[in-house]
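Can you keep this structure in mind? I'll have questions shortly.
Order as written gives the chain letters A, B, C, D, E, F, G and H; numbering starts at 1 within each chain.
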Amino acid sequence: IRVGVPEAIYSQGKTDEDLINIINNIDFTKHLMITRLPEERFNRIKYQLNKNVLKNGTYYKEACILTINKTTPKEKKGTVGIITAGTADVPIAEEARITIEQAGYKTIPTYDVGVAGIHRLIDKITYLIDKKTDIIITIAGMEGALPSVVAGIVDIPVVAVPTSTGYGVGEKGFTALFAMLQSCAPGIATMNIDNGYGAGIYSVTILNQIEKRIKDMTEQ
Amino acid sequence: IRVGVPEAIYSQGKTDEDLINIINNIDFTKHLMITRLPEERFNRIKYQLNKNVLKNGTYYKEACILTINKTTPKEKKGTVGIITAGTADVPIAEEARITIEQAGYKTIPTYDVGVAGIHRLIDKITYLIDKKTDIIITIAGMEGALPSVVAGIVDIPVVAVPTSTGYGVGEKGFTALFAMLQSCAPGIATMNIDNGYGAGIYSVTILNQIEKRIKDMTEQ
Amino acid sequence: IRVGVPEAIYSQGKTDEDLINIINNIDFTKHLMITRLPEERFNRIKYQLNKNVLKNGTYYKEACILTINKTTPKEKKGTVGIITAGTADVPIAEEARITIEQAGYKTIPTYDVGVAGIHRLIDKITYLIDKKTDIIITIAGMEGALPSVVAGIVDIPVVAVPTSTGYGVGEKGFTALFAMLQSCAPGIATMNIDNGYGAGIYSVTILNQIEKRIKDMTEQ
Amino acid sequence: IRVGVPEAIYSQGKTDEDLINIINNIDFTKHLMITRLPEERFNRIKYQLNKNVLKNGTYYKEACILTINKTTPKEKKGTVGIITAGTADVPIAEEARITIEQAGYKTIPTYDVGVAGIHRLIDKITYLIDKKTDIIITIAGMEGALPSVVAGIVDIPVVAVPTSTGYGVGEKGFTALFAMLQSCAPGIATMNIDNGYGAGIYSVTILNQIEKRIKDMTEQ
Amino acid sequence: IRVGVPEAIYSQGKTDEDLINIINNIDFTKHLMITRLPEERFNRIKYQLNKNVLKNGTYYKEACILTINKTTPKEKKGTVGIITAGTADVPIAEEARITIEQAGYKTIPTYDVGVAGIHRLIDKITYLIDKKTDIIITIAGMEGALPSVVAGIVDIPVVAVPTSTGYGVGEKGFTALFAMLQSCAPGIATMNIDNGYGAGIYSVTILNQIEKRIKDMTEQ
Amino acid sequence: IRVGVPEAIYSQGKTDEDLINIINNIDFTKHLMITRLPEERFNRIKYQLNKNVLKNGTYYKEACILTINKTTPKEKKGTVGIITAGTADVPIAEEARITIEQAGYKTIPTYDVGVAGIHRLIDKITYLIDKKTDIIITIAGMEGALPSVVAGIVDIPVVAVPTSTGYGVGEKGFTALFAMLQSCAPGIATMNIDNGYGAGIYSVTILNQIEKRIKDMTEQ
Amino acid sequence: IRVGVPEAIYSQGKTDEDLINIINNIDFTKHLMITRLPEERFNRIKYQLNKNVLKNGTYYKEACILTINKTTPKEKKGTVGIITAGTADVPIAEEARITIEQAGYKTIPTYDVGVAGIHRLIDKITYLIDKKTDIIITIAGMEGALPSVVAGIVDIPVVAVPTSTGYGVGEKGFTALFAMLQSCAPGIATMNIDNGYGAGIYSVTILNQIEKRIKDMTEQ
Amino acid sequence: IRVGVPEAIYSQGKTDEDLINIINNIDFTKHLMITRLPEERFNRIKYQLNKNVLKNGTYYKEACILTINKTTPKEKKGTVGIITAGTADVPIAEEARITIEQAGYKTIPTYDVGVAGIHRLIDKITYLIDKKTDIIITIAGMEGALPSVVAGIVDIPVVAVPTSTGYGVGEKGFTALFAMLQSCAPGIATMNIDNGYGAGIYSVTILNQIEKRIKDMTEQ
């Protein structure tokens, strides 16, 4: 069984009925995240959830996530910087942030810092490096140029998430996706369009591996 | 009739026979450019060109252009900076450069300066602005992030040319094209993939308009 | 900092809450445009805007723009012709028009003049040239043939905006976009689909450059 | 059985062996066209063709067609104008022309008359109308604007053939195809990319129908 | 000016306000069609139309067309068969039918006769040929095989209209469109997806040409 | 381990060196097929193959298959009809045919019978049904209408293979593929473009299942 | 006429009026399925259906199917396993299940068993094989990897149905479709996106053929 | 400046002349990799390279890489497993392998282990985990299902590289790419099609980060 990453239920594509059943029947020793759950839908179903579910639950409006934690996630060492190009990218960034924090790691969110204001972007990256950030998640729609600039400056892993903001040729996020896959700066790995959760999990997987190797070493 | 821009014949898609006929029968009061004429093809057809054509001709290998000028193009005031992201973009840049110089304007070529080395790029842009550049042509393949960074810094017109360098999702230049059209920085106009000639002509059209308005004013 | 072009806030993809906050907290020495703000949405949020915002604000229904100007934009010399192929293209044209007028330049709108009525189109172009238009913005959906015909006649810069009008193979505006990028007439630069704002800003950037060079000269 | 249109064998995708067999075994009361047969291939296979095939055969280099006619096609009344935008479209135009002439109808070819030179195009169209042309075939690559302008002027059927000339976004002819399908001028029917033969056959089918109805009427 | 085809106003993409204005201000010597006007919209705007408009108006619910005729269209000789593959294709067929009948020609509608029931289809085609049909319009979504079978049997012009019925890979009608363009049976010309109006106009244009040539002949 | 289907090595994408090694080292109790091996390549590598490989080998030129059989495949009961629309589809049909025959089943090839000649096609289908064919493989490029007509007539399983013959919009076989997936006639399953081998294997899998169930029954 | 498969009426794309008419006028000796009929729509139209229709009708909510059976379908021998990757794929699976059961065959549904939990998937497949399943239908969206794993283990026919669940690059089901067509495991045939009905019919067609051959044999 | 990752020059798209110049003029304190350099090209240019370049150079034929190392890369702790689905994916795998080994880390290559042979794949993954592998690179073309299965079993970071092997719908690697981005198993990050170098660099970046954090800790 997979360990060390928060388990998640993806709400989209499930009926309310199915979703409520799944949540009410979860095994209560687990940490759990219900993702892609918009506020309106949460409000509609919340009164049908079990009491002890709600008691342990926290709803994050921007991230569209409901967490259900029997115990507080244990704090671990490791930090992820999260940069978005615009404000429309923030919900995806928040999805990544909650995912990482549920796993016990720290995040430094730095939102609305696109490449069109290059000096401000450079300042923010410098700040993240000073803070000993282990990984930077870059989230951008439109032309998706953000990870290219970031990865050109830092030498830590960059996780890139294209978003479906924008219109015309950029409408569905494919321009940003392809730009990120095609970046001329090395050290970038790319997620599906709007997949903030995936970026969070991937960061956690890397941080877990760092932790494991440190533990191996100190145990020798 | 269109004035002030160098006339061009596009070689691709014409047979050698057709091309030679067209060149040998041009009206000799004109300035003319034969574009998309690779060295190998030029060498194959050159002995079939009229003497007075060749006498007035200059072949530019990297630009794949043969110019035929009865008189030297008259020098005019106006400067275009040309930035490429990589070395593979240089032929397209040269196509733009020759086009602009044939119209009598100056160019400042600045090749192989991508966004992955952001500080070097900023230095180059600063240099161009110091030199009172009127327009910047940015040429890039791959993720096409270059014009976004440039247009975020300068407030002169930026002309963007996507190139078909790269592979995988970027193979044909569509990623770069769509990134440029979708840029979050305003002040960018985009050309067809690999259309260095178009970028040159467009720059010339703007510079001609500046000249015309200055002339209008001084004539008043 | 970018100068000489009106600053804009893009409403789409922002929540009402975010948008109201941004508008109410703007620094009041600026000229500002709120774009892509449909009438219905404007009516919904307007009572939550600060008094002095509204006092300085003008709402343009067809352009979906709210301008907030502390002072009237200073009038400058320079004229942009705006031609649309159909009536469905008018909102995009109006977005361009307001953007240009906010920067102090003149516009000559000429709407609903497609290539299927070629003689009427030629008359309109002739009129624009007679009026010493500096730039022509052409806006068209469907097959996007308008800029090809215009640029074949005039020798001033043409800015082309494809629109997402139409249905079937033309549904999202890609046919018009690709036709414009691929035009056999030189002197055309293309914007993203439906990007009237971008066409306006680009025109302003060119006109600003003309002004700057005239000023340079007269100052010598 | 289909009558009144020349039968054709499409060479592409057949091995030399297959093609030679098919040609040598045709039933010799027929008129036949072998299409998409480039000069080089014709020269390679011609010595393996039966004598009486070659004796009745004529090879058209630009059209890439070999006709094999036992008798001269009977001349009929009916005329098709063929306009191409560029010289690269000529082979497709020639494919249409030979097809129509094999059926006994007249053609008026008018090559290299694009929309960027609108006045010259209008003159050519006027000429075709004066000559009592029944149908106009328009052949164009790039942005494919030609049929829109033509169909806006004439009220006879327009047959549009997109070609795969061009590069970048227009590389395979899809821009031209979609532009033609999406034309804002009514009275256009579209063929597959590079399908000059189809345009020829379609024109013949219309002209045959005119003939048939005239015959019906005169027979009454 | 174009003659002999009914003029049309395309409702989609126009605001109610614009549409009402256009209709109320038409020059009343004309025959006019308002197309793509769904019943619900017609009911919403009809009380704002001028009395004499409504008095001369007829609304066709399935075709989504409002005709406004000062005089009854003059009956002409010429017949168009209209075959649809399914029932979902009927609205497009009706758009074509009304267009043709407004021009004074006859139609023979034959709906819901797909290629999966080949014998029934063959019977219907035979019937149309017996009735001296001049043109067959074939309308199909899904795999778009209908015109291939029809054109393989008849030798009159076939006009093919792909429709956007279907789901999955056929969702937007592109499969049907491409199948029709690519048909192995000659004598087919293709329209844009869902363009019943275009098919109608094209048929009228052909029939007008037949009429014109008959008139030429009888006048000699 | 998979049983009852001939094992295959796919040559494309392997170097000659790799391919020769694999073939020479096969375990000789097996039946084996080397697929996608064009004649020219077979001739180049054959002298480097082991003697006992070649001794047991048969090369099928049209199918581009080399079979290596220690023993003759055992004959089984079950018949597959194979219909192609054109001659260019024959190599794909042959790939299917050899695959099926290697498994010991019978085939009835019926090549070059497209939907444009509907009566001839109906005759061929009737013949196959008379012969107690269990499955029909239909192979077609272009508009891919063949399986729709076939499946509308028969009630046995139809396996459809799109081919990459054709040009323009049909160039890579996607039109045929999508048409087959989208067929309005039920009872069709589709293979990848040009995947004759897959169609063969799928037919064998069905026939094996028939055999298995008959055996189950007779053993009871 | 097609025999042995349940006849179906496809609701989507038909107006309520049309649908009610069709249902009320069916010939009552038949078994019939009304597919793609969501619960809400069924509730809206049910009071307009004839009494004897409703009396013989059963509505399946998840499958969105209304069956109308004069007699209970006769039970036949033959079993189809149905595996879905996720819960969002269940409606498509149910559409297949009802279709198969209407034809009298057995099904074994096994839902929500994706490749990410490989051991659980292997257990389920083993179970299906133990139960002498004749065919496995695999239904998956997202990356569509399910049939590759299943077909690698079993040697019975696998029918693959891609679904349009997912988002970003997988939004419309094309990734799953192409993955299934392209599977490296042989023995898979693919249906259109979301075509559960087609998978059901295809399975029935295979099982009917098994039955027919067994009957042939026992009758000898 | 970026540290800890081998610098690379990408040969494709550069002329021989340019490439030789770049190589001969490198600063010789560096480790360097020349990538995408096929054997044939290496043989053509090698005699024009400086002696001391060649002396320090090693050519890797399958990886198409020439390394130039002044000193042997220093061995570091950290291991990357590399799994390919087929043999055609091996060159991409080798590109990743050399890149990682140049940085001083260990690799465990495990080639030709696709999902169609699931038990063998599970064994290989188990082996890699036993060997304390830190990262697994999965390389696959066709349907790209490999990373989904791998990431479902392991809890270390998985790097996925789609390859352009295959044909038909999988021809250019987009199916594999989209499948990987869309995987239902979390913990996967994706590279551009055929980007083995990128996968190598990304793995090195992660391993460097592990090393850095271990060093931080031991230094405290």
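To be clear about the criterion, contacts are C-beta pairs under 8 Å (C-beta built on N, C-alpha and C of every residue); 3 or more make two chains touch, one makes a residue touch a chain.
None of the values given here were measured: they were computed from a predicted structure.
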When you check each chain against chain D and chain E, which touch both of them? C, F
Relative to chain E, which chain's C-alpha centre is the most remote? H
Field rot_deg for pair chain C/chain E, CA superposition, rounded to the nearest 5 degrees, holds 90
Distance from chain H to chain C - Cα centre to Cα centre, in angstrom: 48
Taking each chain's centre as the mean of its CA atoms, how far is chain F from chain G in angstrom? 26
So, what's the distance in Å between the C-alpha centres of chain F and chain C? 58
Shared-interface residues of chain F (touching two or more other chains) are 86, 168-170, 174, 177, 181-182, 192-193, 195
Could you please write down every pair of chains that are in touch? A-B, A-C, A-G, A-H, B-C, B-D, B-H, C-D, C-E, D-E, D-F, E-F, E-G, F-G, F-H, G-H
Quick one: in the complex, what on chain B touches chain C? 2-5, 8, 132, 134-135, 155-157, 159, 177, 181-182, 186-193, 195, 197-198, 201-202, 205-206, 208-210, 213-214, 216-218
Touch list for chain H against partner chain G, complex: 85-86, 114-118, 122, 142-145, 148-149, 151-153, 166, 168-170, 174-175, 177-185
Please name which positions on chain C make contact with chain E in the complex. 86-88, 165, 167-171
Would you pull the chain E residues touching chain C in the complex into a rising list? 12-14, 18, 164, 172-174, 177, 192-195
